[in-house]
Amino acid sequence: MKVQENAGLIYIKHEIATCERRIKRIKENPDPSKPQSNILLYEMERDFRIEQREACKTGKPVGIASMGGLTRAMGMVPWDAIMSADRTHGKAATQYFETIRKEGIPEHTCDRCSILIPMVQQGDFPKPQFTFMSNFECIPVLFAHAALCHTMDIPSFNIDIPIKSFKMDNDEEGLAYVVEQLREMVAYIEKTVPGTKYNEELLVELQEYDRQFLLEFRKLWKLKATIPCPLSGRESFREIRLPSMYPDPAKAVDYMRLYLKEIEERVEKGFSAAQPEEKLRLLWSVAGPFYDDPFSWLEQRGVSIPAAEMTVYNGWFSGREAMWGDPWPGRKLTPLEEEARQMDFVWGREGHYWVDTHLHSCRDLHLDGIIYFQQWGCPTSNSLGKVIADTAEKELGIPTLLIEGRMLESSMFDKKDFYGRLEEFTEICAAKKANRQTSP
Amino acid sequence: MEEKFQTLIHSNDPENRNKWALEWKEQGHKVIGLLDIYVPEEIISAAGLLPWRITGTWDAAVPRAAVHRPSMTCRYCTHVLESFMNGDLDFVDGLVTTQIDDDFKRLYDVLNYIDKPGFLHIMYLPHTTSKTTLDMWKKSVNSFKEAIETYSGNKIDPDELQRQVLIYNKMRALLREVYELRKREVPALTGAEALGLTSAARIMPRELFNEQLEQLIPYLNERKIEKSDGKPRIFMGGEWLDHPGYVRLVENAGATVVMDEFDTGSQYFWDIVYDTSDDLLGALAKRYMMRPGLSRMAQWEMQANRNLAWMNEFNADGVVELRSLYSLPLDYRYLFMRKIYDNNNIFYLSLNREYHLSGQGMLQTRIEAFLEMVERKSRATSV
Amino acid sequence: MINVGLDIGSQFVKTVVLKDRINVATCVDKLGSGSIETLVFDNYITALQKAGIEEKNVDYTVATGIGREFIGFADIQISEILCSTRGVNWLPPPTGFFLDMGMEKAIVVKNHDGKPFQSFRNDRCASGTGRYLDIAAKPLGLSVEEMGEVSLKSTKEISISSNCAVFAESEIISLIHQKEKTEDIVRAIFKSMASKVHSLILKMGNVKNLTMIGGFAKNVGLVKAIELEAGCEVIVPSIIDPQLVTALGAALIGSENEKTTASL
C-alpha cells in the first residue's frame, strides 16, 4: 500500500471537474424539475475543492478540528473527511473496497469510514496536516480517524463527548468538559501545525453565518410539512455543508435563501415531488444505497420522502436542537462554548434522543411510515431500529421497514430484493393508512 | 491439588457458571452483572453486592437478540442480550457497563427499553487519558458510587471500600504471581487454563477466590504443562474472548500460549490500585482508567508498547490475535498494530472469530500455517 | 366468472384457476431455460386445460411474484405481499400471521382482514431461507424433499455453530466425517433454520399460531422444527397446496376487480 506524503489530488480534481460539468449543464440547458439554485451550490462545492487544491500547492494547512468554523478560525482549510468518502459511491467505492479487502482494512464498518482510509493512504486525497478524533457522532468516525492518524503519523487530538447530551439537558458540567478539551486542542494545534493561530473573531463571524443558514433551514422544515411535499427525496437526503466549511460563507447563506424561495414557489403551485399524486409520506432514516435511486423509484409510485433522519440535522431544522446563538439558561455562551455545544450530536448519545427525533419528525411532517436503513457497520443506529419501530407503531400507529444494506459499496446490492422490500412496505403503509383514515 | 485447580478453572463453564451468584442470592444478597474491565468492582463489593462478569450464551442461535441486533453487530453484546432475553440471566439483579463503544451503548439502550435487569447503569468513560478526561471519569465513578448506594440502600463505608481495595489488590497480585509462572521455559499452565482462572476470579466472591488461589500457588510453582518443547511461544490478543476453546485451538495447532492481552485475561487484573491515602475514589478512578487498556482507548501507542514489553518478558515468538467479529475498535487498531509489529519484525496473525465457538477448522488451518512460519524463523535464528 | 392467478417465483411458476371464486384447477411447473413468458404461458394454458376452460373465457388474470413484470399477457401485476395475504385470509382456520418461505426469502406477515399490516423478512443472508436447505442437502446426498421425513427419525440433538450457510456446509461435512447420523444432522439443519425464522416471529410480537405457505411448508421436518423453536402452532393449509396460496390470492384479487364485477 503506497503512502504518499505529497497531495495526490485525484479526488479533488475529479470533484472540481464534476462541479464544472454540472454548472455548464445548468447554464446551457437547465432542468426545470430541479432547483435553479443548484448552480450556486455547485459553484460553492467547486470553490471548496479549489481552496483545498490551492492549500495543498501553497502549503497552507488542511485539516479538520471539530466543525468548519473552528477549523478556519485556526487558520486551516477545512477537510470534509468522511463526507468526501461519501462522494465515491459506485465504481470508485467498489475499487476502494477491493483495496480494503486486500489490505485487511476493516470492512464491516460504516462504508464512508472504511473508504476514508485507503482514500488518504493511497494519496487520492491529500494527507491532512491535522485531524481531530471524536465520539461526537459515532465510534466508527472516531476510530477511522484514529487509524488514519496512527498509521500515517497525522497530528491528532481527541475531543470526547459524554453519553448524556449536555446540549439537550443544558448541563454546565458537560459543556465545561468539552470546552476544556477544545482549549487544549487549540493549544496543541498551534504548537504542532505550522501556520496556525486561533482567531476568535473569525470564529464568531463564521458561527453567525452558520446560524443564518440554519435559520433559513428552519423555514424549510415548515415547507416540508406541506401536503403534498414539494421536496424530492434526493433533496431531503442531501447532507448539508454548513457555510463555515466554504471559502465564501456568505454565498452559502444566499444559496439557502434562494433555494428556500424556490421551494416556496413550488408550494404555491401545489407542486408534488411524488407522482402522479402523493399517496404516502415516509421518513428515510440513517443512510441509503447512494449508488442507486430509491427516492425517485418511490416518488414515481406516489411516495414522497419529506425528510431524512441523519445525525443532528432534523434536530437543527426542526428547532428542537439548539444551533449557534440559541439561548442557554442564564447566560450567553462564549464562542468556544457555542462550538462545544454543536459537537453534541444527539444520535451519538443515549438512545432515547434518537428515538425521540424520529417521532418528532413523523409528527411534524405528517408521515405514514419510516424506512430505517440498517447500514452495515453502523452500531450507533442499527440496534435501535426495532425500538424505533415498536415505539412508532405504539405512539403513532405507523409501520417501520427495517432494511439492511450498504451505503457506498454496491457489489452486493440485490436490486430486485431491495425494491421488492420497498414495494411490500409501501403496500403495508397504504393498508395501515387506509385503516387509520376509516377507523373511528 | 490438580483436581482443585481443574475445578477452579472450569468455574465459568456453562454448567458451573451461575453457582456462586446463586449461592450469593440465597444468602439474601444481590448480583450486579458486568461486561467490561472498567467498572470499579471494589465499589460494588463494598456495597455488599457481588460483581459478576456476564458471559453471553455460547449457543450459536440468538433469535431473541436478533430481534434488536442485526447480525453484523458486536457478537458479545448480541450473545449477552440473548442471555437476558431468554431468561438465562433472570437471577442477575443489575447491570453496570461503561460505554465501551456504540454497541455497548445500544445494548444498554435496548436493555433499558425491555426493562431488564432491574437496575441498569451506564458509566461515561472517555476514550483518551489526560487530566481533563480523568477528572470527568472521577465524576463518573462518583456518580456510579451514588447510584450503587441508592440501589443497594447501603451507604458505602470508606473503611469497607479500603478493605475491598486490599482484597482486589491481593487478587491482582496473586494472578500476577501465577502469570509469572508462564514466563518459564515450560509454563506452569496453558493459555486456556489461565483464561479459566481469570474467568473464575470474576464470578466468585473475591475473598473466596483469593483463598482458593493462594492454596494452589505452591502447587502451581511445581506444575509444568505437557508437551511444550520446541513449540512456538505465542502471545494472544483479542477482546471479549470468553470461550477457552479458542485458546485451546491455538495450543492444539502447535503453540504454547504464554501470555495474553485479553480483557478476560491479563487486563482484568494487571495494575493495582495505588496510593489510596488521600483520595480513595480518585485512586480507584486512576487505576481503572490510566492504563494502556483495551482498543477502545484510542491511545494505541501505550497498548503497543505494553505488548512489545510483554513479548519480551514472556519471550514470545509471535502474536495470534482472534478479533471478535464486528467489534470495531480492535478491527481499527489492527491497522496500527500491524505497522508496529512489522517495524519490530514480529510475526502477527489477526483473524476474526465468532463469540461462541465456531469455525474451528478454518481457524486451525490458518493458525497452523502461521506457527510453521514462526517455527522456521526461530530455527533459522537459533542456527 | 373465471379468474386466474399466476405466481412467478425464482424456481417455479404456479397457476390457480377460479370459477366463480371456487378453485377448479392448479398447475405448478419448474422454471428452466427459455423465455420466461413462454414457460409461464404454457403453465397457464395447462391449468386452463385441466379446468376445461378456453383462454378467451378468462375474465381477469393477475400476475404476481418476482417474475411478474415479464408477463405481458396478464391484465394486471400486483405485489406478492398483497396476493399472499389475500390468499392466506381466505384459508381456514383464520390466523393473524403467516410465514412465507421460499428459495430466496423467509417473510412473516401480519394479516389484518386480508391486508398486510406489518412484515419482517430475513436479512440478506441465505441461512433462513430455502437456499440454505439446498446447500445443506448436497453433502448429505439427499433431496430437499427427502430431508423432512428423514429428520423425524432423529434421536440425538446436535447443533450447527456456523451462522453462515456457506460455512455451515463445511461443518456438515465435518459432522458426516465424525459419523453423526444423517437424521441427526438434518434435524440440526432444520433447527438452525428455525432459529432464524423464530427471530422473525419474535419481531412480530406475540404470535400463538401462524399459517405457513410456500413450497417449504410441505417439509414436515422444517415445520416441526419451527414449532419447537418458536413455541407456536404452525398451520399448513390442507385445502390447497401451500405453494399455491399466493397464486390463489392473486386470482381472488382479480375476482374483486371492477372490470370483473362489472362483467357480472
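As written, the chains take the letters A, B and C, and residue 1 is the first residue of each chain.
Assume a residue touches a chain if its C-beta (ideal position, glycine included) is under 8 Å from a C-beta of that chain, and two chains touch if they have at least 3 such contacts.
Every value quoted in this text rests on a predicted model; they were computed, and no experiment measured them.
Of all chains present, the one whose mean CA position sits nearest the global mean of protein CA atoms is A.
Among the remaining chains, B is positioned farthest from chain C, on the basis of C-alpha centroids. We define each chain's centre as the mean of its Cα atoms; on that basis chain A and chain C are separated by 41 Å. For this pair, chain B with chain C, the centres built from the Cα atoms lie 46 Å apart. Spacing of chain A relative to chain B, judged by their CA centroids, is 37 angstrom.
Among all residues of chain B, those that touch two or more other chains are 67, 70. Counting partners per residue, chain A has 386, 404 as the residues that reach two or more other chains. Of all residues in chain C, those that touch two or more other chains are 123, 203.
Every residue of chain A that touches chain B in the complex is listed here, in rising order: 104-106, 108-109, 117, 133, 135, 138-140, 142-144, 146-147, 150-151, 158, 160, 162-164, 173, 177, 180-181, 184, 348, 350-352, 374, 376-377, 379-380, 382-387, 404.
Put simply, chain B touches chain C in their complex at residues 59-64, 66-67, 70-71, 354, 356-359, 361-362. Residue ranges of chain C in contact with chain A, taken from their complex: 66, 79-82, 104-105, 107, 112, 115-121, 123-124, 203. Remark: chain B residues 67-70, 72-74, 77, 99, 101-103, 105-110, 112-113, 122, 124, 126-128, 130, 132-133, 136, 139, 298, 300-301, 325-326, 328-329, 331-336, 338-339, 350 touch chain A in the complex.
Residues 386, 393, 399, 402, 404-405, 412, 414, 416-417, 420-421, 423-425, 427-428, 431-432, 434-435 of chain A touch chain C in their complex.
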